[in-house]
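Order of writing sets the labels: A, B, C, D and E. Residues in every chain begin at 1.
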Amino acid sequence: MADPKGAVDFQAALLRKARWRPLEFVVWVAAFALPLLMPSHALMVNEIAIVALFAMSLDLILGYTGIVSLGHAAFFGFGAYAAALFAKLVMPDPTVGLLFAIVVSAALGALASVTILRGTDLTRLMVTLGTALLLLELANKLDWLTGGADGLQGVVMGPVLGMFEFDLFGRTAAWYSLTIVLVLFLVMRRIVQSPFGATLKAIRDNRLRAMAIGIPVASRLVTIYTIAAAIAGAAGALLAQTTGFASLDVLAFDRSADVMLMLVIGGVGWLYGGIAGAIVFKLLQDTLSTVTPQYWMFWIGLILVLLVLVGRDRLLKPWTWFGRRA
Amino acid sequence: QDNVFKIGLILPMTGQQASTGRQIEAAAKLYMAQNGDTVAGKKIQLIVKDDTATPDVTKRLAQELIVNDKVNVIAGFGVTPAALAAAPLATQSKTPQVVMAAATSSITEASPYIVRTSFTLPQVSVAMGDWAPKNGIKSVVTLVSDYGPGNDAEKYFSERFALNGGKVIEKLRVPLRNPDFAPFLQKVRDAKPDALFVFVPSGAGSAVMKQFLERGMDKAGIKLIGTGDVTDDDQLNDMGDGALGVVTTHHYSAAHPSAANKKFVEAFMKANKGMRPNFMAVGGYDGMRVIYEALKQTKGQGGGDALLAAMKGQIFESPRGEVLIDAQTRDIVQDVYLRKVEKKDGQLYNVEFDVLKAVKDPGKAK
Amino acid sequence: MSELLKVETLSAGYGEAVVLHDVSLTLGVGQTLALLGRNGTGKTTFINTLAGATRQHGGRITLGGAALDKLAPHQRAAAGIGWVPQERNIFKSLTVHENLTAVERPGKWNPQRVYEMFPRLAERKGNLGTQLSGGEQQMLAVGRALVVNPKLLLLDEPLEGLAPIIVEELLRAIRRITQDEGLAAIIVEQHPQAILAISDAAVVLDHGTVVHTDSAAALRAQPEVLERLLGVAR
Amino acid sequence: MLTILFDGIAYGMLLFVLAVGLAVTLGLMNFINLAHGAFAMAGGYLTVFAMQKAGLPFLACLPLAFIVVALLGAVLERTLYRPMYGKPHLDQVLFSIGLAFMAVAAVDYFVGSSQQIVQLPEWLRGRTEIGDGALMLGMGHYRLFIIAVCAVLTVVLQLILSKTRFGSRLRAAVDDPRVAAGLGINVNVVFLATFAVGSGLAGLGGALGAEILGLDPTFPLKYMIYFLIVVSVGGTSSITGPLAAALLLGIADVAGKYFIPKMGAFTVYLLMIAILMWRPQGLFTRKGGR
Amino acid sequence: MSSAETVLSASGLVMRFGGITATNNVSLNLKRGARHALIGPNGAGKTTLINLLTGVLTPTEGRIELLGEDITKLAPHKRVTRGMVRTFQINQLFDSMTPLETLALVVSRHQGLSAQWWKPLGSDKRVVERAGELLAHFRLAEVAEQPVKQLAYGKRRLLEIAIALACEPRVLLLDEPVAGVPAGEREELLQTVAALPADVSVLLIEHDMDLVFSFADRMTVLVNGTLLTEGDPEQIANDPKVKEVYLGHGAAHV
């Protein structure tokens, strides 16, 4: 490349990543078509959409900002309880409930963000985990409000926008969740491609240098942690609204661990990684637990091990399987 | 297709509650093996699903079973939240829901389509609250796991015990995942009650028992009493001789002296490499029976409502003794036994020495 | 003067990329070789290949008559290679003292002698590797290679970031060590004049091959050759 | 009073033996091995079977658990773990949790999901009581035994790490394996030995702990959090750190549950978060470490 | 030059690490437009001083003023927004980004756009133009779209400096900027720095005396954490104390 590049080329190069690819349209159209094409799997579509959103919210902090968390379920669960309680005690409209859940989860996220500002990966892992476990204990103790270990029952959801009732087939649920997921996905996509998103990657790559070019590291961390919490809360709210209840395990450790597995399987630092991971993990779990209800864990474990041995970045790119090894 | 009758069995097959799922699945299969898989001209098909005791999974599985597999009955349900999660679906789709394990009193009120074949904690705790004061136990400390069933046990035992003139000195709740009971037991020891009343989920029973002995509490004159979960048949043999003499109340013991039970226990152990059936198994076994009988009565005709109607009011001889499905509450009415751990042929058993006849769930009384 | 190191038709590289082609050279006991060349011509690759840290594609290396190429890196250290990597690579969770004792082998050099040579390090004995200044890390890297008690010292840009006075001292020390204790050394440097002054022989690399071999004194006297080969006369 | 302190110490010591192997692999080798609990479980089951099936005495089972699990660890290290060292932490998490899942399901398949129970020999049962009133000290014999074993272990480990060069060679190998090898450290052997000892300690911990913590196939997942708490609070750079952390947590947990039973599990989590907020590197770090 | 105002002043700075006093009562004034060099033996505390000035470390004692305002307690990133920028002795780069992205980020940060989240990075024309200029200037244009971690050392070093200049500093602190850069390119690089606008003040740490003497119009010598002397290059080159502790007998030119 002998001739020097002009600003126009550079601008094109920078904007290239922000463009929509044809495949992306296909993915979303297919997602929305699924409940029609395969009505019997609408429930699965709903569940996958929800965990995909949850995984993407984790990606904002893990993949883009480099903050490990084993307690992301804290926000998922908080959103779920918030939405369920809102429907039960205030009003049954799902969209208002969703907004409410998002706001309170964001508030919790802002509060909890003080815990992740300092320390090593291990410290953050444990502090986030501890926060989630505390919340779990709290929900258990406040049984007059949350129903304790029996779960919060008697949540009746109104129709979406006053028009679409949640049906037994789960189609309304699937479309409702998919719509919310799409909207939030668009927001997240904007965020990670913006200058703001670039500062997050800078913090992930080299915190010292990020500070030395004038990025307010702490306030960026608080902001993104709050956003991630809000979106995790939205995912939790969707689960509570489409299933009509909330129980302690929305806050449980397993949920935090599962979402981390999904995200890592799908690939971090890539929003579609959360989606891909959610699809792969959920389908695997569902198929395996149907085939062998007692021992599916073994096969999931084996797949995880193989996945790492083969190289997880290659798993989702089959064309590299037979190429030469580095 | 029309000639198939499908039962969706949702159980925790992995995780903490796995043994519940294992026992129930084995019992259900045993019932089918003994009674054939064709009833009223219909072929019975059992679809087992693992919900890992996570209620939102339970709910999705139930919904898929109802909508996609078009099952006629959903059954199983290892823990209370799981049973409750599926309840609205049962109502909405008019599918009978047979609860074979979960034991919180309020479950049957969650849907008019729920029928229970296990037991309720109030049922068995109240029996202890009656027996203890009559047998020299005047003061008690309760120790329960901090979740629905534990709270039920604590509440109903204490109330009845106090009503009968006993004194509950202290009520302790331990976290569900509790690795070490030492501090709680030390507290009990320092409180010096006549007895310690325990409810913990069956896996933790042996830990409580051992630490109870290790702390020398029996020598300090404190008796151990509780619901039958503590001396679960599944575990009892491994607990060692320290368990001898522990008195519990429960609705089923593998040592229940009846011909029906003998047959059940033998067949069960033969089919499962010597695994002893426990109260979970009998819940599953009777649950299958309730479904079979209902199908027979309706002659394979009619939908969920007909089946449900046929389930209500069933009276039959279960391995645990005579039972009735109360037509009003759809909950089980059964005998509750007082048992003491004894050694028979080198094995430990809960040997029944007294019985309260036809106990209704006291949770429904109010 | 007996022969210590013999490198024949060596080629090496990273993965598929071959960086060094056909490099041959020899070095006698107690001799110092200056290895010169522009940026990215393969000097570090050569040093690392001798140390066993880079994959060798072909050729032969013998040290004191014994084949080196078949040995694992840790066995090469035992066979007499002492390595100062270009990026210093101080063990960051070890103290200065532990950095030395962790790799120490019996011989004339021990931590005490290193401290005598670099008093600065003695003062920082208990500090962690990462708490040292840039120059202190450089001193430690040299000391760490010495306590391995090698026959051949590989120094990859050892003067980078050192104060002029320390540079002088270190150069003198290297000269002394090689001459008095019969240690051989290969030194890679950006400043040819300084290093040629204390070397016996010089080799210039370009694009992974040897383009010039000469005695150090001769090369030093020909600034125009240096200018042509390296783009600098200094 | 004193009894509570005693129980807390015993519980803490037990946590320490279980977690110390993880402290070594995580802290010294910088490898996240979430399958650590599976090694402990292996030690536990080994003991149960050796006692039940082979009739070995309990005391003989402890060294056996250590040795067999250490060998198992060594074999796994050579075959599966070694390629993982250089990989990112996320890969290590995925890989080791996968192994833990497999272990859980495999034990479930071969042994069944019920609780296994260790029958202690007579001399380890019962307890001794000294004094009375508020100062009464009741010591369960088994807990006393645990404290003794752990104390010996701690001293031995500490001696190995401080009096030999092994500790610093290991850390050097972790910091920069390429340069460490180039300077004469046999990185493979150092890692192999460390991993085997770490696994062996887990096996021993499992054998000792089965009595108190219970033993079923979910063991590796159930206690993983506790191990991680000990290691993170203790800091990852020494043996004494995790020991102090384990003791602190053990005593706090037991005392918390005794005096304020209503707080239940809150005590430990709150304590952990408070400590980590105050000292993000854990209680004990290498002097001056950044 | 002597009448120019002081833009950065440190007075009585002390920094202790446990028992080690790395900076001992150091005072330093940097004038507007100065080309000031900071030299001293290894471990003298030069890097530590820069860390104190930029806020990476908080001084045990002492006071720092930037453009007349006390910044002793100011957060590091805020010092950057006020115009004080540094480079690092060891490269500190964003490894997963490309040089283009890196510079675009730094420039948009400088233009106050870094909190913008609704437009993609690079949608602003001014940002792209400035980034392009910097890339061309530092001969990074050919590698502009390769990930930083794949670049050769020399290019990485150039990027390190380019980042600092992209912040358009009023006070620039350079910690051994040419370390690892081939001899031939060193002068060129420093010329870029010397060619900065006349009102930008530069503080340079460097052990290559040829460069230092050709660059600096004023020099400060640190030894063992204390200030040994300060003066113009000629004074320093002929100062016997400086020769003894730092320059050695090869005099000013190695």
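Here is the rule we use: a residue touches a chain if its C-beta (ideal position, glycine included) is under 8 Å from a C-beta of that chain, and two chains touch if they have at least 3 such contacts.
All figures in this text were calculated on a predicted structure; none of them were measured in a lab.
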Each chain counted as touching subunit A and subunit C at once: D, E
Most distant chain from subunit E, judged by the mean position of its C-alpha atoms: B
Centroid-based (C-alpha) most distant chain relative to subunit A: C
Separation of subunit A from subunit E, taking each centre as the mean of its C-alpha atoms, in whole Å: 41
Rounded Å distance between subunit D and subunit E, as computed from the means of their C-alpha atoms: 48
Euclidean distance of C-alpha centroids - subunit B vs subunit C, Å: 76
CA centroid of subunit B to CA centroid of subunit E, Å: 74
Multi-partner residues of subunit A (at least 2 other chains): 137, 294-297
Per-residue overlap in subunit E, given as positions that touch at least 2 other chains: 17
Shared-contact residues (touching 2 or more other chains) in subunit D: 105, 108, 264-265, 287-288
Residue ranges of subunit D in contact with subunit C within the complex: 165, 168-169, 171-172, 174-176, 178-187, 237, 286-290
Contacting residues of subunit A [partner subunit E, same complex]: 1, 4-7, 10-11, 13-15, 17-18, 190-191, 193-199, 201-202, 204-206, 208-217, 269
Contact set on subunit A toward subunit B in their complex: 40, 43-44, 47, 137, 140, 143, 148-151, 153, 168-170, 239, 243-245, 247-250, 254, 289-290, 293-297
Parts of subunit B lying in touch with subunit A, wherever the complex brings them together: 11, 13-14, 18, 21-22, 48-50, 54-56, 59-60, 63-64, 66-68, 80-81, 84-85, 87-89, 92-93, 104, 106, 110, 146-148, 151, 175-176
Complex contact set, residues of subunit B against subunit D: 14-16, 18-19, 22, 146, 172-175, 177-180, 182-184, 186-187, 203-204, 206-207, 210-211, 213-216, 234-235, 238-240, 275
